[in-house]
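Sending over a structure as structure tokens; questions will come in a sec.
A, B, C, D and E label the chains in the order they appear, each numbered from 1.
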Amino acid sequence: ESNLEQTKVSIAVGGKTLFYYLPLTIAEQKGFFKEEGLEVEISDLSGGSKALQALVGGSADVVSGSYEHTISMQAKGQDIVAFVVEGNAPGIVLGVAKNKADKITSAKDLKGLNIGVTAPGSSTHMYVKTLLVKAGLSPDDISAIGVGAGAGAVAALEHGEVDAVANLDPVIAKLEADDAIKVMYDTRTKAGVDEVYGGDYHAAVLYTKASYLHDNPHTSQALANAIVHALKWMASATPEEIVNTVPEAYYGGDKALYTAALKANLGSYSKTGEFSKEATEHVLAVLKAFDEKVQKATIDLSKTYDDQFAKAAQSAVK
Amino acid sequence: MSSSASTRAAGVAQPAISYKARIRLYQLALLIGLFLFWGITTHYGILPSFFFGEPIPVLQQVFDWFSGTAIYMHLGITLLETLLAFVIGAVLAMIVGLWLGLNDLASAVADPYIKAMNAMPRVILAPIFAVWFGLGIWSKVALGITLVFFIVFFNVYQGVREVSPTLVANARMLGASRKQLIRSVYLPSATSWVFSSLHTSVGMAFVGAVVGEYLGSARGMGYLIHQAEGVFDINTVLAGILVLTIFALILDGLVTLVESKLHGWRPVADHSGH
Amino acid sequence: MSSSASTRAAGVAQPAISYKARIRLYQLALLIGLFLFWGITTHYGILPSFFFGEPIPVLQQVFDWFSGTAIYMHLGITLLETLLAFVIGAVLAMIVGLWLGLNDLASAVADPYIKAMNAMPRVILAPIFAVWFGLGIWSKVALGITLVFFIVFFNVYQGVREVSPTLVANARMLGASRKQLIRSVYLPSATSWVFSSLHTSVGMAFVGAVVGEYLGSARGMGYLIHQAEGVFDINTVLAGILVLTIFALILDGLVTLVESKLHGWRPVADHSGH
Amino acid sequence: MPAVVKDHLSLVRSQQGAASSAVSLKSITCSFSTPKGGTYTAVKDICLDVGEAEFVSVVGPTGCGKSTILNSIAGLLQPTSGTVEVFGKPLQGINRDAGYMFQADALMPWRTAYDNVVAGLQFRGTEPEEMKHLGHQWLDRVGLGRFADRYPHQMSGGMRKRVAMAQMLILNPKIILMDEPFSALDVQTRQLMENELLALWSANRRSAVFITHDLEEAIAMSDRVVVLSAGPASHIMAEFEITLSRPRDVAEIRMTPEFLDLHHQIWATMRDEVMKGYQQSQQG
Amino acid sequence: MPAVVKDHLSLVRSQQGAASSAVSLKSITCSFSTPKGGTYTAVKDICLDVGEAEFVSVVGPTGCGKSTILNSIAGLLQPTSGTVEVFGKPLQGINRDAGYMFQADALMPWRTAYDNVVAGLQFRGTEPEEMKHLGHQWLDRVGLGRFADRYPHQMSGGMRKRVAMAQMLILNPKIILMDEPFSALDVQTRQLMENELLALWSANRRSAVFITHDLEEAIAMSDRVVVLSAGPASHIMAEFEITLSRPRDVAEIRMTPEFLDLHHQIWATMRDEVMKGYQQSQQG
């Protein structure tokens, strides 16, 4: 199929090993990109915002990142468009330290505490803000401490530096395995997402510049096909099959922990890769609440995603 | 750097004030030129303002900060971390540098270990520091120390090695004890080495503090910058860098002040060649 | 560092081999001691193995890597980046350092700008480098250069300033042109300064490459370390650091080799004091 | 017979002789700023002409400003006032016609004796063959043939001085400036070197300005001996024409009555001056 | 009348005199490794006794090993073989009884003249009052009272030497070691300093080892003049007892017939040696 505008695609991702982006790795490992005639290079960056910067700066063609970015970029005048969904649940978990769990039972009790987020201003931070507002508090009622999404986050909670964390797997899985936290809000599951956001929510997507989609429709289609392929395969595969597909480096010797975390996350992935208007609106609502730039701007949601590729992929991928 | 100059005329040559004023003028011109270049290129999209911001909003942000109150806390924390890292790192480096510089066996044995530690990417140590020192200022201080230490250490070590053997022999003949020898010969003789490294490490102490805050903290300039980066507010990021830079220059000025006190005996050499 | 020593006896004193052998012995003992300490404390949970890993798995990982093939690509990339950053950064620094060291006006004007750049947290520049140089090796090289440059620069600058005025005057009287003066007097005289900074910056070049990869890349040792950190595989992280350290020592050894070639004329001073 | 030429006379000389003189100091004054912020005038209103092929020695109490004057002639120090002329032209920057042997150690510590000796030839881009030949020839001349590969720190004080002398003379400069070149040498080696220098100087009409503390040396070598007064604001106190016939052997000449007479005169002139300087400084 | 004491005789002296001598070199040899990897023996089998209150001058061709010997006595250089005894005890490490004025510049460049002079007193923890008094007294003695606040680079060569001398003598060492201390001074200042030194030395029974290239100075100052042969493997070629009566005035004594006779003898001894060394080196 030489109708591809380009066969070499560079994809940027902020934290390739995160469960959030697992479909990307599956597509890569199972060779679904190759099947589409693509040669992808996946660059791993230190965070989602760095991946976005790589796209804007032109060093990456496509980003595997958070749908939120397409909205906040529109507010800044950048035309970024999502074209296939990887996950429908952010996978963020708010957990409180076990030893304080009896005193903290709902978001209301968070007032005045130190809460570890991956980085100030990040989506985990916004997640905490959402919870606080829902509980009738102000976002400034807590102090958010950036603890990263690695060993530092585990240490911060286990050493009492923070009273609660809003973080992702494998941090949460590790803390659970260590019996260090009690999970309070969990958006790895459909139920959890509904509870926090009041319905569907787009998390990981593939997005790129509008011009790229326009100039490379076939390449974009091929990318969407590969992701949808991966999503479908994941929906039918057992957790063990998935674990055996990811590179060994992902579970770094502790396969059991990884498998457990994977099971907790399996519900978060999209089945079809398609968009839903409702889910995009939920995302916008969250951003409107906390992002000044988005508040001021008028956002045209229809320009933040392009559903045609994912739709076409349904028939392309058996 | 800096140091006055002029051609090595015997005696009381040209009025030094005009020379200094000229330098300030050039610096100012350069500064304005840079800002103009920045403003124009970003305004006309030659440089993307997404990455490079724009001068007016950056200055506006700095102004807003200093009209408010919150910034003082953040700045204070970062300065405190920087100062602590700088002082502790430099003092430690001087002690170890002197000790190894004067001790052949110990230095030969320690050699690969020190180089190995210097080659270690410090950022990776950040989580460990967080465990040991918590998320407060001390983990940032520790990170800063690891940066400052090696720069100063290698220079103190070399500075001690470079001391003129005749000077040492003379002081020993005059009855200097080991401690007096260090105080009266090795240290003064190594001053230029030490200060050269101090200038480099002032900057590094700031880097340590900011990167430390960047990796995990609840306040400080690094925190502000990190937060702004998270929402792609490049102007705030640059404003933060600008403020940090100004304070780095102030701290460096203090180092230069101490240097010129301790180093005033130097002949003013002429390197410009007629 | 290192350099042979022994008491300053006139002539052909103690056999130097035994001294060197003794040093190696001590180093080995220290190494084994460190590994034992590490093994025991982490095994008995005095140090948490979650952060400190354990020696056996770390060595196992290193062994696995080198029995496989993938590591060579990663290591090769990182070494290439390091070397490029080191060489380009050092050469640039020498040129700029010489130029400013010999040019009073330019150095006085540039002074605050250079210090400001040195105080800038480089990590923040990473996205800009990615824009300019892409996500391939060149953005890492650029990051490494920003680290290497300033360390070497400040030392070259100071080294040039410290050259004995008599030596310069003599060479000029002997008819040396400006270029010859630089080659025959300034550079040799600044060698100890330059090499001291080269030792520091070998490590920094590695740090630049690894941190650059850490911040965004598709291969390299920093990439491996980043991935392992993301999944709490501390043993792999430490194995990566270990491998990097060994290569840093090798590169430093090369620098020392060149140094002893260029610097062989030095008297062997005795600093140990009788 | 020696003649004492007084100050105003030397001024006249310098005005007349400008055209045919190699070096001409026109009323130069050199001041330095002192630690306390004042100025210290080392030499004041010095007028001195050195003719082509003339050998002038400068003597004077220690610290009076001899090296300062030599630095001005070399173009390394710009006088606070007055001008230096070289072959009739005002000196700008370094004096390219002069070779200067410094009072202080000025060998490059990272070069061996041989490499130091040929440094100037290298700078001029001399052929390697010729350089090698000349280098070794000069090392032999100063008696260091066997020490070609020694670094300065491996040589004795006197050996270093001789290397410095060879380094300068190998370039065959038109004007030879030497600041106490032989003070670190034993009497005999010194005489060997003195003769060596005289031979070179007379071979092809060099000019020489020679600083020494050894009056005998000054007289034995020179056409004229200039005596400086004690500092500060040192001036030329007296000049003595040395009319002893040439060629001279520096060892033998010392026993002649003219020599002793001159020695006595200069010695007397200087003695008072030194006592004055010494007493002044003790009051300070 | 002067007596030439030959080698074996001096050996005998050193064996007898051990008990009452301040410094006693017992057959010392000093070798250095050369760039080519060989060894260069500077001095070989030197036996020398310096009695208490004795003033010994060492002369010899340049590069023969005079400074090397002084370094051994100071304890800065460990002889390759042989031992150094100080007041009857083998020397271990630095010689605490000795003051050493180096041939090379050894002033601390970051200290003013005054601060350099009092450095040794500071090291000993002398009272500030006394230090100040002594410091200024010594600066005056060497004629630098007005230059107390000058840094070394602001002083002339001769001034630096005088500071170095004051720095050493202010400590009143039992053994005075001086390596060509006066070679950078003009004749008159030199005589002032020589008399100063002699006065100090005779005031309270010091021992002195004095290196000079000026034979007249050596004779005028000393009780004994030791002549070294040319290197390599330099040895003591001859010793001359100077029986001129004390106290002496260094300027006047030079005219006495005994003086001239001694001068002639030593001069002749050295001349042959220098020529030998010079020729040797030219063959190398």
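In this text, a residue touches a chain if its C-beta (ideal position, glycine included) is under 8 Å from a C-beta of that chain, and two chains touch if they have at least 3 such contacts.
Composition by chain, UniProt nomenclature: B, C = ABC transporter permease; D, E = Mannosyltransferase.
From a predicted model like this one, the values you see are computed outputs, not experimental measurements.
Undergrad: Please give the intersection of the contact partners of chain B with those of chain D.
TA: Output, common partners of chain B and chain D: C, E.
Undergrad: Mind naming the chain pair that shares the most C-beta pairs in contact?
TA: After counting contacts between each pair of chains, the winner is B-C.
Undergrad: Find the geometric centre of each of chain C and chain D from their Cα atoms only, then give the gap between the two centres in Å, rounded to an integer.
TA: Taking the mean C-alpha position of each chain, the two centres sit 49 Å apart.
Undergrad: Rounded to the nearest whole Å, what is the centre-to-centre distance of chain A and chain C, using the mean of the C-alpha atoms as each centre?
TA: 39
Undergrad: Would you kindly tell me how far, in whole Å, the mean C-alpha position of chain D lies from that of chain A?
TA: 84
Undergrad: Centroid from C-alpha atoms only, then distance chain B to chain C, rounded to Å. What do you get?
TA: One centre to the other, that is 18 Å.
Undergrad: At which residue positions does chain C touch at least two other chains?
TA: 51, 127-128, 131, 172, 214, 229, 267
Undergrad: Would you pick out the residues of chain E that each touch at least 2 other chains?
TA: Chain E, residues with two or more chain partners: 32, 76, 94, 104-105, 112, 151, 154.
Undergrad: Counting only residues that touch at least two other chains, what does the list for chain A look like?
TA: In chain A, the residues touching two or more other chains are 53, 57, 150-151, 155.
Undergrad: Note which residues of chain B are touching chain A in the complex, please.
TA: Residues of chain B touching chain A: 48, 50-51, 126-127, 130-131, 134-135, 214-218, 223, 226-232.
Undergrad: Provide the residue numbers of chain D that touch chain E in the complex, in ascending order.
TA: 32, 34-36, 59-63, 65-67, 103-105, 112, 140, 143-147, 149-151, 154-159, 162, 180, 183-190, 192, 213-215, 267, 270-271, 273-275, 277-278, 280-284
Undergrad: What residues on chain C touch chain B, complex-wise?
TA: 1-6, 22-23, 26-27, 30, 48, 51-52, 100-105, 107-116, 118-124, 127-128, 131, 150-151, 154-155, 157-158, 160-163, 165, 168, 172, 178, 181, 192-193, 195-197, 199-200, 202-204, 206-207, 210-211, 214, 222, 225, 229, 237, 241, 244-245, 248-249, 252, 267, 269-273
Undergrad: Would you mind writing out the residues of chain C in touch with chain D in their complex?
TA: That would be residues 166-167, 169-177, 180, 184-185, 188-189, 191, 263, 265, 267 of chain C.
Undergrad: Using the touch rule from the top, collect the residues of chain A that touch chain B in their complex.
TA: So the residues of chain A in touch with chain B come to 49, 52-53, 56-57, 72-73, 76, 78, 114, 119-122, 125, 143-148, 150-152, 155-156, 159, 161-162, 291, 293.
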